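Taking it in order: structure first as structure tokens, then the write-up.
So that you can tell them apart, the chains are marked A, B and C in the order they are listed, and the count of residues begins at 1 in each.
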Amino acid sequence: MSAVTVTDNRNKTVYSDELRRNIVEIESGKRVYETKSLNLWYGKDHALKNINLPIQENEVTAIIGPSGCGKSTYLKTLNRMVELVSGVRVSGEILYKGRNILDKNYKVEELRTRVGMVFQKPNPFPKSIFENVAYGPKIHGIRNKKLLHEIVENSLRGAAIWDEVKDRLHENAYGLSGGQQQRLCIARCLAIEPDVILMDEPTSALDPVSTLKVEELVQNLKKDYSIVIVTHNMQQAARISSSTAFFLHGEVIEYGNTDHIFSTPDDKRTEDYISGRFG
Amino acid sequence: MKYIDLDTVNKRMTTRILINKLVKYLFLAATLFGLIVLAVLLYRVFADTIGWLNLDFLTNRLSTIPENAGIKGAITGTLWLMLIVGPVTMILGVGTAVYLEEYAKRGRLHSFIQTNINNLAGVPSIVFGLLGLTVFVRVLGFGTSVIAGGLTMSLLVLPIVVVAAQEAIRSVPGFLREASFGMGATKWQTIKNIVLPAALPGILTGTILALSRAIGETAPLVALGIPALLIPIPSGIFDNFTALPMQIYYWTLDSVLVDEYANLAAATILVLLIILFLMNSVAIILRNKFQKRY
Amino acid sequence: MEKAISVKAMIEEKKSKAGIRRITEKVIPFILFLLAFVSVLTTAGIISTLVYETVLFFREVSFTEFFGTTELKPLSPVEPKFSILPLLTGTIMISLVAMAVAVPVGLATAVFLSEYASDSTRKMLKPVLEVLAGIPTIVYGFFAFTFVTPVLRELIPGLQATNALSPGIVMGIMIIPMVASLSEDAMNSVPNVMREGALALGSTKLEVTLRVVIPAAISGIIASFVLGVSRAIGETMIVTIASGSSKNLTFDLTQSMQTMTAYIVEVTSGDAASGTTAYYSLYAVAFTLFIFTLLMNLLARYISRRYREVY
């Protein structure tokens, strides 16, 4: 019972001149996502307006913009979590590895197995640390205890939290600190071996030290994963991403190399936002 | 290294999604089960009632001849019962709630009374019947009168009123109290003039729900020894009485002997359900009308 | 001459009545306390009544006869026998049937309402459950006796006119709304971010429900089952009408069985004169019933408090 209505939009993708130029600059890399003429409404509220955006493989793409600009909505459209909101309508296409994920025949469960997500507030399950990480592999049919153990250890190592929790794997995850919980959630996400990791302001609920650890982790993960991170924190975007998209009022204002966006943005509004003149 | 094999995952995926779909309908079926039972039950009652529920049935006295039998006595008895239970539970319930919410210090006494009320709510109704039998029927000598039945029922439904009144009082916003205190009003003046009027809809809703529980309860009346035989129609609180559920009880049991008694029982059930429906409608209207005023 | 009306003057004048007000302020809390104390007196009344008559009963009948033998013949003129075991098995068997209906259906209903149903569907279905919960038990008794039993007798040849199966099923139906609404409350209190976390890993709704929501809400769910059992044990009218008054110790659901509550009804409305052993026996049974339900209720509260999950 998908709340999303998909209209097959065969319009040619129209990029603005600046956008096209920037895209050409980073055209060399492979794209994991290709968004074409995406529109999204919450009831009557037109939340995303004609979005055209590529996501590069094995890179960190940052999405920035003021609150309510649609950046989280866009992120949640990439794994169709946005459908959980009732009254959502979508048109346009999002190609994930060439297939339109907005097609109603595309199984969300399959998509979400390939695309992991880390949330704003850490949301471990009220289970042990081990069970949290083993959750994904278990629903995908892995029962072998030894195998599960290996997956859990690798995932926790991958999320740079193994050393902190290896002696307390069977304790409740809620005994961990906020920063540890968030890295546990990243480990939980790694355990299903996704291609893409979507991060929705993953450090907004964390203290500076934990934030730094998560940022380091993101740097290390990008060689194996394509990462899309929504952030309020512009320094963070500048530090960890290679491409950046600036959203405003549901539109992509500018997209390009992070260096370019943060040093010589083409659009006045991007410049205003980055320099803190609004938002 | 890859642990998760995409092909296996995708193969399992189809099954998992299919199972999810099937189980969803199973859950839906379970939910509809209650609806279906309700429909069958009501149909059953209606079908048995047809031809039996008329003005004569409502205004005739009891008779062993099914065609002549009426429930005037039972209706009157149930109304008398409500006349006792309503005011008694309201006074006891609201008094208890005001004491617990406004006066009692949060301490041992408070939690003792609160726990006690919670536990009373879980005591089987038949046990209340035995309490009534000993205290009201025997020791106080009320016999099987309206007052004995009414007081027993009042104690039984008291927790419902207390809890409803407590919630109603708690939901009165603090600024109203502060405004009253700020003008120099005493505590009791504040409660009487501000808190209780504001909490009244919630209290009334609770009282109506308690009353509707009381008029449907049978077990305590059976334990008290309330008869369902040919007794004079009550005209005071010390008169003997019978009530609608007692009538249903005896007619149901005796339907083995006289088939038509099942129809009489069904007709009485319909009357009882209509009364309950009307009372609950009033409660719902009250609740909706006064909800979220602050 | 008329005095000028001044609020201040009126307040001053009222102050002369302050004495009365002071007394009111002192007396009211005391009156309210007395009203609140009625509930304590009720409990005290229940316990003392039950204990007093139960003690009288155990003067005549030994503890071992009551709990250790299997025959119950309270009104036998030759040799009355007083064992509670037939009543206990009757109560337990019928409660088991009731829970076999109420637990799966109630839990499935709760899952559907909390996890699958849209807001509008939920708003439509919940009132139906409330209606089901508001129907007096005597009506369920009528339903069991005049409808469910005849239907079951068509299906099961050996079924007696009064039996344990029919009231058990109907009692289960009566308990469904309670289990469903308490379990749904428990599941609703599981934060949505947890469901999102599981869905984002590619879980189906069923997997989210079974592996995340239900484990997180398990204490509330179990508590709802325990309260359901307590309700089943204390239920009177359905069993009085539909399960008969056979006092044989049996586990056969097609047979008539008597529960503790039905026994109390039989003795109070029957011929046992006040002061006879048969009469006192009803209090011993009622005391046992009281203890059972009290323990169940305390257990339910303990479970939901002790194992409340920290999210």
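Keep this in mind: contacts are C-beta pairs under 8 Å (C-beta built on N, C-alpha and C of every residue); 3 or more make two chains touch, one makes a residue touch a chain.
Remember, it's a predicted structure, so these values are computed and weren't measured experimentally.
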item: Comparison of A-B and B-C (more C-beta pairs in contact); value: B-C
item: Longest centre-to-centre distance from chain B, chain (CA-based); value: A
item: Between chain C and chain A, distance of the C-alpha-averaged centres to the nearest whole Å; value: 50
item: Length of the line joining the C-alpha centres of chain B and chain C, rounded to whole Å; value: 13
item: Centre-of-Cα separation between chain B and chain A, whole angstrom; value: 53
item: Residues within chain B bordering two or more other chains; value: 16-17
item: Set of chain C residues in contact with two or more other chains; value: 204, 207
item: Residues within chain A bordering two or more other chains; value: 109-110, 113, 139-140, 192
item: Interfacial residue positions of chain B with respect to chain C in the complex; value: 16-17, 19-20, 23-24, 26-28, 30-31, 33-35, 37-38, 40-41, 44-45, 48, 91-92, 95-96, 98-100, 103-104, 112-113, 116-120, 122-131, 133-135, 155, 158-159, 162, 186-188, 212, 216-219, 222-223, 225, 245, 248-249, 252-253, 255-256, 262, 265-266, 269, 272-273, 276, 280
item: Sites on chain B touched by chain A in the complex; value: 1-4, 8-10, 12-13, 16-17
item: Chain A-facing residues of chain C, complex; value: 118-119, 191, 193-194, 196-204, 207, 211-212, 215-216, 309-311
item: Chain B-facing residues of chain C, complex; value: 21, 24-25, 28-29, 31-33, 35-40, 42-43, 45-46, 49-50, 53, 104-105, 108-109, 111-113, 116-117, 125, 128-129, 131-132, 134-139, 141-143, 145-147, 161, 173, 176-177, 180, 204-207, 227, 230, 233-237, 240-241, 261, 264-265, 268-269, 282-283, 286, 289-290, 293-294, 296-298, 301
item: Complex contacts: residues of chain A adjacent to chain C; value: 79, 81, 84, 86, 109-113, 116-117, 119, 121, 123-127, 135-136, 138-140, 172, 174, 185, 188-189, 192
